[in-house]
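Listed next: structures, encoded as structure tokens.
Below, chain A partners chain B and then partners chain C, in two separate complexes.
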Partner chain A sequence: MSTTNNRQNAQASGKLYQFKLVLLGESAVGKSSLVLRFVKDQFDDYRESTIGAAFLTQTISLDDNTTVKFEIWDTAGQERYKSLAPMYYRNANCAVVVYDITQPSSLDKAKSWVKELQRQADPNIVIALAGNKSDLNARRAIDSEEAQAYATDTGLLFFETSAKTAVNVNELFTSIAKKMPLEQLAANSRGRGSGLKQRGVDLTSPTPANNCSC
Partner chain B sequence: MSNDHSNVPVISVDEEYSGYRRKYGHEDPQSVNWCRHRKHFFILSSAGKPIYTRYGDESRISGYTGVIQAIVSFFVDAEDSIRCINAGNHKFVFLLKGPLYLVAVSRTNESETQLRDQLNYLYNQILSVLTSTQLTRIFEQRINYDLRLLLGGTEPFLDNLATSMSDEPGFMLGSIQCVRMNKELRDKIGSILQIVKSKDLLYAMLIANNKLITLLRPKRHSLHSADLHLIFNMVNGSSTFRSAESWTPICLPKFNNKGFLHAYVCYITGNVCLLLISPDKDKFFELSDAKSIIVEELTSCNALQAIEEVSQSEGYSIADVGAAGLRHFIYKSRKHVQYTSPTFMAPYNDPHEKQKLFKLYRYTHDRMHSRIRPLKVHYYVSPTETILGWITSTFELYAAFGPLISKSALTNSSHTLLKWIKKEEENLFILNSQVF
Partner chain C sequence: MPQQLEVTEYDVIILGTGFVESILAGALARIGKSVLHMDTNEYYGGSWTSFNFQELLDWAQLLQGCPYYLVTICHVEESSGNSQENFEGKKALPINFSKARRQAYSTIEYEIYGILKQTNSTEENEEYLHKDEQDTSEETIRHVSTSLSNFERETLAKLLKESKQYNLDIAPKIMPCRGELIELLISSGVGRYLEFKALDKTYIYSDQDTFDKVPCSKEDVFTSQTVTLIDKRKLMRFLTFALDFTNSPETFEGYEEKPYEKFLKEKFQIDGKLLSAVLYAITLIQTKANDVNTIQGLTYTQRYLKSLGRYGNAAFLVALYGAGSEISQGFCRISAVFGGIYMLNHSIKHLLIDKSSNNFTGLIDVNGQQLSSTYLITSIDYIPEKLLQENEECEQISRAIVIIDRYIHEEGDASLTIFPPDSVGNEYPIRVLQFSEGTRSCPEDKYVLYMSTKASGKSAKEDLYKALEKLVNISNDDASLSSPLFALFYRHKFRDATLSSLLPDNIIVTNDSDSSLDFETATIQAKQLFEKMCPNEEFLPAVPDPDDDDL
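Here is the complex of A and B:
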């Protein structure tokens, strides 16, 4: 279900860049909730676990001439899907690694995902760390400063987000888009890799994709 | 039973699980309410570790699973295996599957065979997320393994299956239900599915409300009804498929219990779900493109709208059949492994009345399939219904009439029903599934 959002309608010409984004993190930290807030502006308090992986797309305008389309793989966080993760991050241009600010173990898990990405994924991958559930500040177990320091040391973008209240969700994805080396990627990375790659890399079509206008 | 948990490792489950809230998840296993449930299911490892309970929290039932493990071991030591305990109104039915023990504790009047069939469905559900290869290997490496670490997130499917087995006759009958629709429409949909056949595709199907619309399959691989039940249960058991295109490994035990297939799942209308199953884990985009083609073709011949309308309708009413005195029925075509049944209208739209009717069907089914003395015809009068059970080489019929109906009226009415089904057969059932 490729949904393009209204923001895209504003621009009629310019460049469209397409990026593969993967979400990783422990189960129940809110990966799907972040994506659904970003793509559909929806939130469900009792969302069920993702089964396997879910694929969604969202297009945002960076400025009048630049549109970025994210092709998002929202992976399931459960242990049994762990071995499938490389299939989704192998050709990813960017990744959002999510933890839950109320669950100390989830940051450890996030750090291990970051390590794995830095070891196994594309060396140019842009990684963002998202501390989700910032609306639950009263139950916070992980200091912002601690996570920020780790992100800075490791070269990650960092946001504390709340899929529930929508705080920092669009900011997270927009700053990823801004950090992508757009021109370089457009020129270099055509047709690399294997596996789930088909639409994986870039495309510099002058006309924006027009899947639907809801 | 002891409620002393101090010497049993209590496994922390706190936030391991997702936002899915189990309806009875917080019930205390020592409470009266917990004991009062009519049918419990327990799954434990052969080491006695809890894996699943239908009611309450697994980490709090280790007292019970320890006892179950002890009972099972007692018989295993004597080179025997326990099958069933009858205790007053309760039946305790055991299914031992290598490293897993499955137990049903029921006072629903279901027979030992019916309950064991249900345990088999639960076992298959576990295989569908793990495969038998993985399951065996895990417990070979560590007999004490806590399988919940790997099953996290599958509780909705086990819960949904446990409920469906009480509500839907398809599990008892070992068959599935199709959406009743015009044969021309079904054929048109089938021929559109044919367009996307490729070596990447094993099965393609459209499903609405737990009913099959159509199925495309290779000539050599039919799809077993037990595997279809797992597919339906997966689609029905999680709302997450409604928000995106999904891609998930799934093991269909009757097809191959040792390996995974990969399922592309996407709702193409509000009610209609498209499933494309591939043997190859890297074919998501190929199948996603196939979906776009299917949707485009269905839209261009106005079939998409038509399917959605059919899937929204409630099915057919008993009045459509025009058989005097007939209140409800289940008809299974043995050749097609499909059943059909009208909607539940008064008095059976009341859940309590519906359960009572089901109980009569189950009783009749059990009598007719008794291993010692199977029956061709069974006639049973209860204070509220007369139930006819009738099995031939081509069909199984369970029909409900009023308690006062005469045998001749019942016979006439049954023949009217059979005539109606014959006439409607091509709309009620998929007579020839699409093959390639």
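Here is the complex of A and C:
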């Protein structure tokens, strides 16, 4: 699937749904790399922690009439000392919780992030679990079956991904898009990610007074 | 498990995640400074934060004196040992954050009101609460309810049940549609993290127990039912002048330093109710009329008029979910995106001061780890007592947070109501913001009133109660008014630490939130502190759009 084409398709297609997607997981499991692969189809082996991106957006065409636009929020490192702002979870429609298949403790961390999401986020949030770095299979420390079983029990989508080789990256985001309850969300306009536009006043789009400027 | 930091040296350490500290954190990280931003609280926003209902109740009780079941959140961190120890040849001055916080607030009183019109039975509610497994709620009810009637208990149970739907600001503020903050939110990109609603209705209390809707825009003036034709002409003439007052200096010549009130009366024949409306609802002066001179008054009036028409008919916007907390979080996020390190729920034990230069060199945290930086930016709560000159004369603000079951005046997302001085025995204007579910302040069937005034009487409750009586059915039996469910009264100090001469040059202290209705003075303080620290750098330049650029 070519993401560049998707972006162009978004212009012409029928319905556009916009969602806020948040990333969670221990530091250095590859959260930003997954996004970078998905959004820009790039990978950098020596990438340091996330700097400079407030959020990235990417669109996926589910069919000729349906396009899903993700507004992807990176933790910006605020997760490191358990200081993620409530704003981060606010109105998140979906989340990708990432662990590193070569780091035994990272799945436990992922599980605690899932709990945190269940506590803080919208109860209807769609959560996907991603076991990243699947290209490092030789150093695997976490069985697929174990993670899959946990994901099934908890009602999460599950993929083993490699941001480096791009394996399952688009599949991960596409599955999330397909799992979003689109019709329901379109009908229920509460929350900024649900509909097509932000609720309330848009600072960058001044709206002149009703009439009569005299 | 104590968390040790990998990096122990920074350009700037910032203590407290309040509004001004957060803007500075964002601005400094944005230009490439290494920033470590810490807060002893487990939440963002410091004394600008917002709480859900349970948290607000806990906070109020904490300030009244720590109840037994809250010790875990009390951050008891009384420093051990000598008050001034030596640490590697430096002075180590102890910080007492919780004591400083408690001293900033006074006359804290809360009331829970019974609801007489019952829809659900008592049993039903209690059952629900048990199902919820909300241990803390039950604990709270048990603790608070000994003195409560059954009706009051029921109200408390309902409020706790919906606790998470409340975002209650402890220092509520709004922002003018044109002003320092909104321009900064737009230019820095932080505005993209936030959501806003318009505040487009202002009411003023008049002597006959009525509330008049204040005509603000020229359009309002034309359609207003409450303003006489003569007054409409006067007001139109004045508003037209005030919008461009600098272009006709001859009009206010000789009045510059004289009271604004005198100018309005003599030059525009504005008097009576109309004068009150111009002074308190349009110019929004927060003190007595005589204390504002003509230049100041015209400047405020003009700012108000210029704010109209940008986002519909509103002069103000409200940031959703609790403005102080959300905006602070937004700037902290910018800081983090540009490399700022975040550590909440982390106590600081000592500040280290070099004995010879008397400069700040670093601090010691709860783990005994030494962290150093060139600058320290901090809210006043983290300043060791030895470095503070307590100013007994500092301004105090009386506030109330009131949860009610029905809107006052009219339905809507947000409104402002003004009680001019002396209208209900008050020395200073009382301002009442009403927020609804639309601002995400409360559940759908509730409204929140935020009242504030400069302190004058013995307590916050005394300063505000008479105004509250005019708005809600609190002590009389006027069923036409909405009923209160909960009211919290408190007073807080506006401590201006910049006045302390004992502070080392490289410690930069931010002020508490002041009595103004908006964030303008605080935004200006952040900008000025930044410019002082980094005179040749740009203040929060736009963040490049990552969708357009290569990362």
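Keep in mind that, in the parts below, the second predicted complex is superposed on the first by the 167 of 214 C-alpha atoms of A that agree within 3 Å, B and C clash if a C-alpha of one lies under 4 Å from a C-alpha of the other, contacts with A are read in each partner's own complex, and residues count from 1 in each chain.
In the analysis below, a contact is a pair of C-beta atoms (placed from the backbone, for glycine too) under 8 Å apart; a residue touches a chain by one contact, two chains touch by 3 or more.
It should be emphasised that the depicted structure is a prediction, and the values quoted were computed from it without experimental measurement.
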**OP:** Name the contact category of A:27: first (chain B only), second (chain C only), both, or neither.
**Re:** first
**OP:** Name the contact category of A:56: first (chain B only), second (chain C only), both, or neither.
**Re:** both
**OP:** Look at A:123 in the shared chain and tell me whether it touches chain B only, chain C only, both, or neither; answer first, second, both or neither.
**Re:** neither
Original post:
A:40 contacts which: chain B (first), chain C (second), both, neither?
Top reply: both
**OP:** Applying the touch criterion given at the start, work out whether A:86 contacts chain B, chain C, both or neither, answering first, second, both or neither.
**Re:** second
Original post:
What residues on chain A does chain C touch that chain B touches too?
Top reply: 36, 40, 42, 49-56, 74, 76, 78, 80-81, 87, 198-199
Original post:
What residues on chain A touch chain B, complex-wise?
Top reply: 1, 27-28, 32, 36, 40, 42, 44-56, 74, 76, 78-81, 84, 87, 100, 103, 194-196, 198-199
Original post:
Which residues, counting only chain C, touch chain A once they are in their complex?
Top reply: 3, 43-44, 182, 185-186, 189, 191-193, 195-198, 217-219, 222, 308-314, 317, 320-321, 325-326, 329-330, 332-334, 336-339, 341-346, 543-544, 546-547, 550-551
**OP:** Give every residue of chain B touching chain A within the complex, in rising order.
**Re:** 15-21, 129-130, 149-153, 156, 234, 238-241, 243-249, 263, 265-266, 281-282, 284-286, 288
Original post:
What does chain A use to touch chain C in their complex?
Top reply: 36, 40, 42, 49-57, 74-78, 80-83, 85-88, 90, 192, 198-201, 203-204, 206-214
